[in-house]
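Structure below; questions to follow.
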Amino acid sequence: MNKEKRDRIYAILCTILTIVFIGIMLFMATGLPHLGLATNPDINEVPEFYVEEGPEETGALNAVTAMILHYRAFDTLGESCVLFVAAISVFILLRIDGEASNETVVAIDRRYEPVNDPILSKTFLILVPAVFMFGIYITMNGHLSPGGGFSGGAILAAGFLLYLNAYGLENTERFLTSKLYRRVTALALCFYAAAKGYTFYMGANGLESFESAGIPGRILSAGLILPLNICVAIVVSMTIYSMYIMIRKGGFNK
Amino acid sequence: MTYFFADLPEYAAMILFGIGLSILMLAKNLVKKIIGLNIMDTSVFLFLAAKGYVEGTVAPIVTAEELGRIDSALYSNPVPAGLVLTGIVVSVSVTAVLLSLVVRLNEEFHTLDIDEIIHILRKRDREDL
Amino acid sequence: MNFVQNIPALSILLLMFCGIVCLVLPARWARHLADCAIALVCAASVVLWVAFLRGQEVFTYSMGEIGAPFGNELRAGMLEAAAATLFSAVTLLSILGGRAHLRADIGKKKVNLYYISVLFLLCSMLALVYTNDLFTAYVFVEINTITACGIVMSKEDGYTLAASMRYFIMSLIGSGLFLIAVSILYALTGHLLMSNIQEEVAALYASGQYRAPLQVSIALMGVGLSLKSALWPFSSWLPDAHSSASASSSAMLSGLVLKSFIFLLVKVFYRVVGVTIIPTHAILDLLLVFGILGMIMGSVNALFERDIKRMLAYSSIGQIGYIFCGIGLGTIAGVAAAMVQIAVHACTKAMLFCAAGGLMDASGGSKKFKDLEGAGRRDTYAGVAFIVGTLSMIGIPFFGGFITKLSLVTAAVEVGGWRNTLSILAIIVSTILTAIYYINVLAIIFRGAETGPTTAREKLREQWKKQMRLDTEYELAIVLFILLNLAIGLQSDRLMDVIRTGLAMFG
Amino acid sequence: MTNVYTLLKITDKLTLQFGSDPTGRFFLCLVTIMWILVGIYAQKYKEHQKHNARFFTFYILTWVMLASLTMAANYLTMYLCFEFMTLLSMPLVLHNGTPESIAAAKKYLFYSIFGATLGLMGMFFVNTYGTTLAFTAGGVLDPAKIAGHETLILWVAFLSIAGFGAKAGLFPLHAWLPTAHPVAPAPASAVLSGCITKAGVLCIIRLVYQIYGVQLLRGTWVQMALIILALITVFMGSMMAFGEDLMKKRFAFSTVSQVSYVLLGVFTMNETALLGALLHAAYHSIIKDGLFLCAGTIIFWTHKEHVSEMKGLGRKMPVTFGSLAIFSLGLVGIPPFAGFLSKWYLASGSLSEGLPVLSWLAPAILLLSALLTAGYLFPICIHGFFPAEGEPEAEGKEGSALMLVPILILAAATVLIGIFASPLKDALQAAAATMF
Amino acid sequence: MNGIAILIVIMLPILGGALLPLLDFDARKARMYYVMAIVLATSVLCLSLISGSEGTQFVLYHLTSTIDIAFRIDRFGSVFALLVSVLWPLSTLYAFEYMSHSHKRNRFFGFFTMSFGITLGVAFSGNLITMYLFYELLTLSTLPLITHDGSREAKVAGVKYLVYSIAGATAAFIGMIAVLTRGGSLEFNVIGLGSAVTEANRNFLDAAFLFMFFGFGVKAALFPLHGWLPTAGVAPTPVTALLHAVAVVKSGVFAIGRVVYYTYDAGYLAGSIVQKVALWFAAFTIVYGTVMAWKELHFKKRLAYSTVSNLSYILFAFLLATPQGLTAGLLHMIFHGLMKIALFFVAGAVMHQSGKTYVTELGGFAKAMPISFGVFTIASVALIGVPPLCGFLSKYAIAVAAVDEGSVSGYLGIAALLISAVFTSMYLLTIVVKAYFPGEGFDPASLKDVKEANWYMTLPLIALAVLMIVLGCLPGGLTQFIAGTLADAFPGL
């Protein structure tokens, strides 16, 4: 059997398989609870607890944030770790080992982006601080309004990427070097892990932990949620930035 | 039939999932495969998001004034939202890793076609022996 | 609350923490830290296991002050503790055994990254073992996938990259199916914690509500996880990945990573769906059939392979078939057999991969059979390891493989109908094929001219001298692996007890 | 059995025992005399062949085994001697070393061993269903044990008797004889045909009369079947001989036929018939030995093996052909030559037995066979002495004394024991009586 | 103490053999003394153990709660051990000469000696699992001996042997486990399965028996599982002789005997349908083996097919499940061992001295190698079953046992036995005839280089011939010894 024929057969089989699969899934979907009903099985004591008890217990008005950073914090810790290990994997894949000379790096750099383009520079000079501000805002208000570390971190990362694209790597690395990246990420994650470890340990062993809900509605409230949001934001932004930089040209310069 | 239109997101999610899956299986081009993966993941998010909503409710963010007398029936389910959030992050991470893999594979084999890559490897095998 | 109950959570967090810290440490320190952390986790798991042996009850550990059904939970029983011990011990030994190769295979700047991946890999496996929450499981499954690819990819060549890509794709289909299954289950039950879901599922089954979605979601989980654990025919990437990955990566991937998904699968079947419902589900038949096909196809492929690492990889496919065969039988005895096989295969295959690394070193780095002639004499440790592995695979009493076969056959003869016949036939066929290709390897690595210019005794002395120069870590790892294999074989009764007790704790 | 001597005791039941009884002694005498005469003859004949030391070694050894066989006192010993006799006589057959002779020897070997094996099977059953393996008149089977197993025992008896019948050329195990004789040296053919076939007869006598017992077999299908087999053999042997041109092969078929006369007598199972059988055994030994020695002489001097080549040869070799004529007359059963008396007893025994159909069929067939015998033997002599007109004169001359004397002795015996039959008849009558 | 002694007897040759490649003797003499010392010491120890320590039981290790690694000395095992420990020194002596020009002698003798210990392990096993252990090890330890030659043919034979053996062992293993799951004990005891035998279990246990029968039947070369044996004839002759006529194949037979009398019991089996099936297979194999031997022209393969047939004699006797059957089977086990090893030794001597491997090439060899062919003739005649040589006795005993058993299958067996006897004479005596009477056109000069082998080879031959004759005439002591098994296997007797 030649290759084309085999491919064809494979394609036909896959198509049939997926059609059957979709059919099954659709059939199954007809048997699922209907959308939007308050009587559905998923509207049980769990969301009720999150919404009703969450704000008072954690001090976070946003029940989603309360859930992901307090009740189901282990998931979220894992999630941050996913980001982290993804970045590590990207490093493993793309990091240029050995000492690529400065010139080559710059040359690669230039191939990808118009460095020192005046329009870009000027526009981004205005835009970037705003983006940073917005990111920080989203992060800091994660427990009060929609948002949180992940969204905030993503926005911060967008700011970094804008800056990088406008001013080039060399300029960016004036404040964001590889070493800084590593230290900040490690520190943020360590803090995250340590803090959560502490609360897990305390909580599970029934000990009194120091965190307090504070006064709900204030920025400085909700115990560890705010610091954790900040940590998450740092991790997310750093990770996205580093991934970008890796995919772009294989590593930090310094 | 009453619920058909209400349930539409569910069906859409299932169909999308199937489409994503078929792309993942059928597409030769690795980037297309990644797109398929994202479609698949997105369909799940769609499904979850649709599940989280309850008719006539708002997002589960209370105001400071309400504290102490919150009625959970007024708010939609926060759990799917959390799951979607996590799912998105995972999906993003995986996509990043996959993309960087594609970059490396392209450097190594100068092609994005997975079959061709396997073909090249088999040829190498034969040369080895 | 007993302090040992903190061990699961602390092990996971410790590994995570060390993994993060490794990012900023110098390479050497990262290595030491990783070793120490894994050793510590291993010791802690042993402590936990001992606690269970001394009568510790199964417990749940809420991650935070609020437990089920609102917060994340870990849950530990005898089986979990044993699995954690096994996973951490084998990881440690794999790293030790492949250390020499790691130095050669991985670029200087990536050493840290490799150890981070290893630590997170172990962390995710422990999390999969301990977690009582399906969504946590999903998250850690992803960590597992990414880090597993990471350690394979860390030795960069075309094979590992292509194989990682294929693994990723296969694995992501699997995770996608798993995720949507979790979502559906959530929609049906409103819970994410296994214990709660189990109650709800039982209630739903009793009432007959949502039968179709329930069945489909269980099937999707089964298919999804078996895709991830390289069940034949979803295993075509495996040989490529192993053939060129570093020795310890292969050892961990084949020995542990795939097993962690299977462990999760068993948890899903018996903790989420429940022991009374799962035997009636058709997914078991599917797994059984594919497991049996895997047993045979893997062995057949291995038979014709002329590359030692690829052969071991195909052998893994066959051995994973055994595990699925055990699960597919649908009885507790079958699952127990699968668990035994997980343990035995983890130890044996990891050992063989490390030993294969040693053999390659002794043969100028080639993995082709034609170059490996006499390698077992040049590297006696690897030779002995292969002998032990072969004896185990054939099923000689005193070795692990015997216990697997014993328990699997015991389970198989007790189920009725076609499953019985099919699985027993498959066991026979697969055993023969396995014996042939392993003995073939033995014959090759111990072949070689006896006569030479030097007298035999001189040669022996020279050999000893050469071996003194070999990496002591490698030797230590091989010796420990051999002891571990023997321990499993000799203490199989206790192992079976542990597994049975552990499975009883699942309920 | 008297004078039983135990040579070796393997287990309690399995012993090697020798003893003597009249029948055994008769066969012993017969065999020994024949052996001596043929041995004398062979002294001259040996010039014709190589490896004489080997030949005579096996010649003697075969006699030893044959003699032991006649004196065997139990089934096991008999079986042992039988097997060894087969093994030791085989080299006589293949002595010439041609491919045909080796093939013939193998054929002989396997037929014999197959037969012996069937006999061995009989021993297994006798061991279980009998009281002892020692030969006892009237049989050794334990009636208590065989109750309920009669069918089985009859089958066993049939098969084991038929098995030993292989040696005696009983159809359907006769085929070795015509193959073995033409290729063997003449002395070997002579003793094979004259004596060794009688070993088979003796074994059958032992089985029929002293192991299974006449009581068991008489009137059963086994007896019928055996008689029918014997009759078939008698008739078939004669027919085949009639159509055969190769002289030794013709004689071999004749042996097939004649030994079954003996067997017919044995199977008829009364004293008269048995007497006839024993007599015929003696007569046939003498005559057939004589015939083969004549044939050997002719081959020795003229290298002519085919009957058709011997026309006119009688004039050159008058003594040989004269003896040949006497033997022929004897074998056909023309009174007063030997051969008449035995056939007479066989026929009368058969008639007195009162078996349906067979009682009269047997004499009829005997008669027919006698005619055929005449038909295949007489032409040799007639053409030998009276060649047709225009035949070229045959080459040939009379042999040496060493060859002629044994032939003449045998010829004389043929005449003499035909005329003075009573001493032998009386002796054999006594022997036959001990069997009942 | 005696428990340790068992272990010593088993481990001494195993360790001694394992050390051989390490000691790596270069001098022929040194290796010879070393190997001979080990083999003789083991034999002597083993014999003293048999004679003095009957009834010893010894549990080495509790593998699981139901599975022990245990040893015991009972008469049944002792018979096998006796056979093995008498024949091994003889074959070792023979092997020294035979292998004198071979390569890798250290490896060869290493595995050869190890196999001794493992075979004794089979004999002294106290339960099925222990036996299974040694059974598998025997496969492994003899594999290098088969492939010793290193030729492609040898490798193919090795693979074939491996496939068959492992498949058989696995099937037997499944049977064992099946017995175990239904509450049966794997210990060798007279109670057999005891209370595990219920009406409901019967079919299941029957199936398990068949699994074990056919599983162990592989080594016992039962049709249709005999294929490996003739191919394995490519091994050096001492191996074919000792292992494929005695140790390996007999351990298969022995294992079936164990299963029949000690795992199951005679009472269970007698009259059951599985017994019939098994008997039929054995009977068929008897005939099949001889017919194939008759057709085969390769000397050693012919003998191998003869082994196929004769092993089934023993199986047949065992399967009769009567006291006579048991003793007859054991008797044939011993006698066949003696006879077949002698035949193989002659075949080996011929190959060694002249390189001839086909029976058609053996014309006139009896003159060149009078002792060898003298022994060959004696062994042939014995194997055909001519009294008073030993083969007659055992065949006789088997047949008598079959008659006593009295079923149709028993008579079938007798028929098979007889047919086989005829064919046996055909395939063996043709060789004898050819060797003594090469026929016309034979050129004696062609054999002038062929000489009788030296005493290393002829001494074992003569010893065997003497044994065959003496045991054939005076079997009393041996039968007494064998009858001792009855007390175990048939407690009611």
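By letter and in written order, the chains are A, B, C, D and E; residue numbering begins at 1 in each of them.
In the analysis below, a contact is a pair of C-beta atoms (placed from the backbone, for glycine too) under 8 Å apart; a residue touches a chain by one contact, two chains touch by 3 or more.
Since the model is a prediction, treat every value here as computed from it, not as a measurement.
K.L.:
Note down the smallest number of touching-chain steps it takes to go from subunit C to subunit D.
P.N.:
2
K.L.:
Spell out the chains that contact subunit B while also contacting subunit E.
P.N.:
A chain counts here if it touches both subunit B and subunit E, which gives C.
K.L.:
As a teaching exercise, work out the groups of chains that remain connected by touching when subunit B is ignored.
P.N.:
Connectivity without subunit B: one piece.
K.L.:
Pick the pair with more C-beta contacts: A-C or D-E?
P.N.:
A-C
K.L.:
Would you identify the chain whose Cα-based centre sits farthest away from the centre of subunit A?
P.N.:
Farthest from subunit A by mean C-alpha position: D.
K.L.:
Give me the ID of the chain with the smallest distance between its Cα centroid and the all-protein Cα centroid.
P.N.:
E
K.L.:
Which whole number of Å gives the spacing of the CA centres of subunit A and subunit B?
P.N.:
Subunit A and subunit B have C-alpha centres separated by 15 Å.
K.L.:
Distance from the CA centroid of subunit B to that of subunit C, rounded to the nearest Å?
P.N.:
About 28 Å separates the centre of subunit B from that of subunit C.
K.L.:
Using mean CA coordinates as chain centres, what's the gap between subunit A and subunit E in Å?
P.N.:
So the centre of subunit A lies 73 Å away from the centre of subunit E.
K.L.:
Go ahead and note the Å separation of the Cα centroids belonging to subunit B and subunit D.
P.N.:
102
K.L.:
Where does subunit B touch two or more other chains at once, residue-wise?
P.N.:
17, 21, 25, 51, 79-80, 86, 90, 93-94, 97, 101, 104
K.L.:
What parts of subunit C, by residue number, touch at least two of the other chains?
P.N.:
In subunit C, the residues touching two or more other chains are 135, 139, 142, 146, 149, 153, 156, 161, 186-187.
K.L.:
Kindly provide every pair of chains that touch.
P.N.:
Here the touching pairs of chains are A-B, A-C, B-C, C-E, D-E.
K.L.:
Which residues of subunit D touch subunit E in the complex?
P.N.:
Interface residues on the subunit D side: 8, 10-11, 14, 16, 76, 79-80, 83-84, 87, 90-91, 94, 96-99, 101-102, 105-106, 109-110, 113-114, 117-118, 120-121, 123-125, 127-129, 152.
K.L.:
Which residues of subunit A touch subunit B once you look at their complex with the stated criterion?
P.N.:
By the definition above, subunit A touches subunit B via 7, 11, 14-15, 17-19, 21-22, 25-26, 28-30, 32, 34-38, 40, 42-43, 46-48, 50-52, 55-56, 61-64, 67-68, 72, 75-76, 79, 82-83, 85-87, 89-90, 93-94, 144-146, 150, 216-217, 236, 239, 243, 246-247.
K.L.:
Which residues of subunit B touch subunit C in the complex?
P.N.:
17, 20-21, 24-25, 30, 33, 37, 40-41, 43-44, 47-48, 51, 79-80, 83, 86-87, 90, 93-94, 97-98, 101-102, 104-105, 108-109, 114, 117-118, 120-121, 124, 128-129
K.L.:
What residues of subunit C sit close enough to touch subunit A in their complex?
P.N.:
1, 5-6, 9-10, 13, 16-17, 19-21, 23-24, 61-66, 69-72, 107-110, 113-114, 116-117, 120, 123, 127, 133, 135-136, 139-140, 142-143, 146-147, 149-150, 153-154, 156, 161, 184, 186-191, 200, 210-213, 216-217
K.L.:
List the residues on subunit E that touch subunit C in their complex, please.
P.N.:
22, 24, 26, 61-65, 67, 69, 103-104, 106-107, 129-130, 132-133, 136-137, 140, 143-144, 147, 159, 162-163, 166-167, 170-171, 173-174, 177-178, 180-181
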